[in-house]
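Shared between the two complexes below is chain A, which has chain B as its partner in the first and chain C in the second.
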Partner chain A sequence: MASISARRLRKELNEINVEGCPAGIKLLSADNFDTWLFSIEVLGESLYQGEVFKLMFRFDANYPISAPAVQFVVDETRGAPIHPHIYSNGHICASILGTEWSPVLSVSAVCVTLQSMLASCKVKERPVDNDRYVRTAPDNPKKTRFQYDGDTV
Partner chain B sequence: MPTNNLQALLSADISDPTDFPTNELRQLDASFRCTICGEFYDAPVILACGHCFCSLCIREHIVRETQCPNCRKSTAEAHFRLNPALEEAVEAWKRSRPIVLQLSKEEQCRIESYSHVDTQKTPTRTRPPNNNNTAKRKRRARSESSDSEIIHVAGPSNSKASSEVVDSSPAPAYDRRPSKRRDTEPSSDIGEEELEPDSLISCPICGRLVEYQLINGHIDGPDCGNSKAAPKSNTQVPNSGARNEWSKILGKSSLKKGKNKESSDSDGIMERLPKVSYAVLKDKVLKDLLLSQRLPTTGDRFTWIARHQRWVMMYNANLDKSEGNRKGLAELRNELKRWEEDRKISKRIVEDVIAHETAYRADFQRLVEEARRTRATPVTNSLPHALQGPQDNCKQTIVDDSEED
Partner chain C sequence: MAQRRVPTIDDLRVKLCYICREEERYDAPENPPRAWTHPCRCTLVAHESCLLQWIQSSQQTRSRAPNALKCPQCSSPYVLESNNPIILRLLDAANKGLSAIGKIVTVASFTVVVVSIGTGMYILCTTYGAYALREFLGPEMFDILLSDDPARWPWHSFINLPLIPLSLIMSRLPTKSSITPLVPVLLAWPTSTPIRANDSIILDGWRNPFLRTDPREFLHPLPRWPPPPMILGLFVFPAVRQAYKRMLGNFTRWLLNSNTPHGQDMQRVLNGNDDEPFLRIRVNANVEEDVPIGQANVNGQPPGQQGLDANNDNEANAPAGDAVAAAENTIRVSGTSLGRLIGGALIIPRISSFMGSLLLRLSKHSKILRKILAVRPPLPTGVVPPAIPRSLFNGKAWSEMSLLKRISYVGYLGLTVAWRGTMTWAECDPVWWRNSLGLGVFVMAKDCVHLLHLWLTKRELESRRVKNRSFEDVDVQELDLINPSVYS
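Moving on to the complex of A and B:
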């Protein structure tokens, strides 16, 4: 019997393969049940028109009871979106990835939330403490204890 | 489409709603599934807010957070209520699912070949606009006559279509010989919507497959009641090797509080196990606790706690099933063992040190670099937005990925 997390991810993958991702989101790779990659762009009017970002999900054995580690991939070709809640190393300060995570959420639900977080952005700027955070940030964003601001994320 | 061996392995036996070709059936299938694990409800319980989950899933969840995963209303174990009606519905659906799946697939195939074959025969017929209407029309056509004109009748309502099926209960079904209809219906789908006298259906009481024409006799007869337990014998796993191993471990240890003497394995377990505050227990007491449940005492204190915690969860979740569906203690212990093995596998990754080192050399170097830089320029910024002190984060970077629960 495969572990619960693998079974659940298998089901999510099936759904993505059969029914497709939400608009603007594409599955780039899901070769195992540890790391999945998506491309994400905001459709319609937004500050991020024409920009495509790469999103990385990492799952542990307790998924979906524990949240996946989600971050934007920063490499030679792509950077993280410039957003008040997204650090330049790709880490995201979003409550549903931390304390507000719920096991009924899914990979595509997270993608849609992040998409709308980008879509509703009014000012393109980095978080105020970006430099300090990036300098000391752990590899896995789940090890950071973010403080979520009141504004909509 | 991305695939690998693991996936190929898993896709073989993992069912999910997308197995069905139509949205309606997918929704039906999904409604019998727990939104946490995506499996069919196993010992479903309702929370105070009305949301429903597998007992084990929600128990795992509330260890971390005492909220309903759906609506975030606060909840507690005391709020759980059993849901035997849903449990029964799930069992019934599990039994009929393969049949429905097969039928829907055949139907799909037929629809695909439908326009192809039929346009040749009756060229006036237009291509059906969507699957559902086709099914209804077809059914109508069958039960009323073989006149192909009937097929053109626009949209018979759902209720009408279903009432026709009800009307054609056993007696009339007898009259219409399959052979006759085979002649009139060119497509190869005899008996899909309508039951033939000799087609197999599952008995609503015992779940056994019985010929349609014999079903009434079967329900009344002694066959049905007697076999009640037969199809449910899914509790025995032929994994006796593993069990022996464990019982070997168990055999050595004396039973101090042998409350659960495991007489006939499935009955005799009625009382829920209380939660334990492990932090206040000494090792010896903890060990006794495990022994009293006839659990192995291998590993360290951390393993013991995890093991006992999981055991209490599984044990209590098992009691949330209706009595007939409960698993025996031996099987529960087996599951506990498998759970521990699963966790071990996910942790073992780091054992091959050299490979690990080479694989992550770049990362290590980067981290070392960063750590040096941090020391060179002590942080002076205030922290308006995020996180605790930077030192903590550095430490956490080194912490192994093992999950803590």
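Moving on to the complex of A and C:
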């Protein structure tokens, strides 16, 4: 019997395949139950019109009890969206990925939340402590203890 | 009136666990069955085991703990029922209490360690200070002012004594300050009152046969010989030291002035700090100035004995083995110089006392030296001169004075004591004075040796030539000679 995380992820993947992703989100790869990649864009009026970002989910064996590690992919072709809660290395300061995570959320729910976080952005700017954080940030954003300040998602 | 039946979890056709997303239809129960629970006010249901796992994991993380016992969708609180007897709660409380006590114990033992190390250092420094004072003042004055019994020590000795080794070490640091090593000795002790030993009397009286200085003369404003210790400590010694340093610097520059780059290296060394020049010259001789360590390696030079800064800058370029060797070398070099610094500082009182007795021995052959040293025969056993002769306050002159006059008289007396030291200092054999002079002589001698060493080193560097050889071992045919016929 596969682990709980694998069984739940298989179900989530099945759902995505059957019902499709929410609008503006596409599954790029889900070859295993460790890492999934999505493309995400904000539809309609927003500061990010025409920009497509790549979102990476990493799961550990305790998913969904433990939250997935979610970050934007930064490579030669793409950067992380410029947003007050997104660092230039792709790490996201969002409470649902940390203290507010709960198993009732799912991969596509997280995608939608992040999409609306981008859509509601008013100023395109990096977090104030971006340089300091990026210099010392761990590889896995879950190892960071973010301080969520109020107006997050 | 029949009450409306309220459905429960068992009435659902399909149960979907919101945590593991597994489904169970009512007509196809799982085997073995797993318990389901509906813990809140909304429609979410879950396997009891899944939910307990979630609650437990949330409670283990402090930042997530507030959300552990409520529904993520409707926020209604979960009610946990458990077998939580009073004994378990007691044990939990005891456990918490014990960890709190454990923290206190940790802090306390750390404090104890720090305090005992500090106390140890304090005792060590104080003991050393007493030793230094004995060396410097001579046993006679030491017994009068301090003695071997700490119970009789004046209060200020507990501040002053531990400062002595520190100020000795400070005085050797390469700062530009003009701290003389004798400051703590010469500032606090000249005004210190003698302690009354059990078997001795503090002499007093208008004309005591034992006292060699007339108390009235004690108040004399004119300078006395040897010079008052406080003025020496505060002004004369620092000024002399400063002037001497400048002179020595000029002389060194003049002596070592040369056109070779080596000479300039030495100049820089000397101008920087004259405390450890021997060592530094060796350091400089091995390492070319401004050559990065990588290049030095190419040239096959040992990378060791670099300054610490240079090491840090170039560590990344140097191969790991070399970096380790270089670091070891650096530690050895700095360790040597640190030991030398502290050891050299702490031996100052001994040297000073040794040089003082040397001067005393020399003075037996020279009247002038005897005058300069102001040697006095030791006081009779058991006689202790007072700090201030009380007789100054008796007698006719004192009783006839007005209050104002008395105040100014006492003020004048206090000032005299502050500047010139107590009667005790005036009466005792001024060992401290010849020791100070001796220390000065020693410093000069040391600097002379040091200069000689520098000068010889410089001469050696300048006189270096590569020895010329003839073409004895070479076939003459291979050489393009001006006049080959002569050699064939």
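By our rule, the second predicted complex is superposed on the first by the 152 of 153 C-alpha atoms of A that agree within 3 Å, B and C clash if a C-alpha of one lies under 4 Å from a C-alpha of the other, contacts with A are read in each partner's own complex, and residues count from 1 in each chain.
In this text, a residue touches a chain if its C-beta (ideal position, glycine included) is under 8 Å from a C-beta of that chain, and two chains touch if they have at least 3 such contacts.
The model shown is predicted, which means the values in this text are computed figures rather than measured ones.
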Fit or clash between chain C and chain B when superposed on chain A: clash
Which of chain B and chain C A:Val128 touches, first, second, both or neither: first
Touched chain A residues, chain B compared with chain C: B
First, second, both or neither for A:Glu19, with chain B first and chain C second: first
Contacts of A:Val104 with chain B and chain C, given as first, second, both or neither: both
Partner chain in contact with A:Gln49 - chain B first, chain C second, else both or neither: neither
Partner chain(s) touched by A:Asp31 [first = chain B, second = chain C, both, neither]: first
Which superposed partner A:Ala6 touches (first chain B, second chain C, both, neither): first
From 4-12, 76-84 or 364-372, the chain B stretch with C-alpha clashes against chain C: 76-84
Doubly contacted residues of chain A, that is, touched by chain B and again by chain C: 4, 7-8, 11-12, 62, 64-66, 102-104, 145
Chain B partner contacts - residues on chain A that touch it in the complex: 1-4, 6-8, 10-15, 17-19, 27, 29-33, 60-62, 64-66, 93, 102-104, 127-129, 131-133, 135-140, 143-147, 149
Interface residues, chain A side, partner chain C - complex: 4, 7-8, 11-12, 62, 64-66, 98-105, 145
Of all residues in chain B, those that touch chain A in their complex: 1-4, 6-7, 9-11, 14, 16-18, 35-39, 57, 60-61, 64, 67, 69-70, 72, 338, 342-343, 346, 363, 367, 370, 373-374, 379, 381-388, 390, 393-394, 396-397, 399, 401, 403, 405
For the chain C and chain A complex, residues of the former touching the latter: 18-22, 44, 50, 53-54, 57, 63-64, 67, 72-73
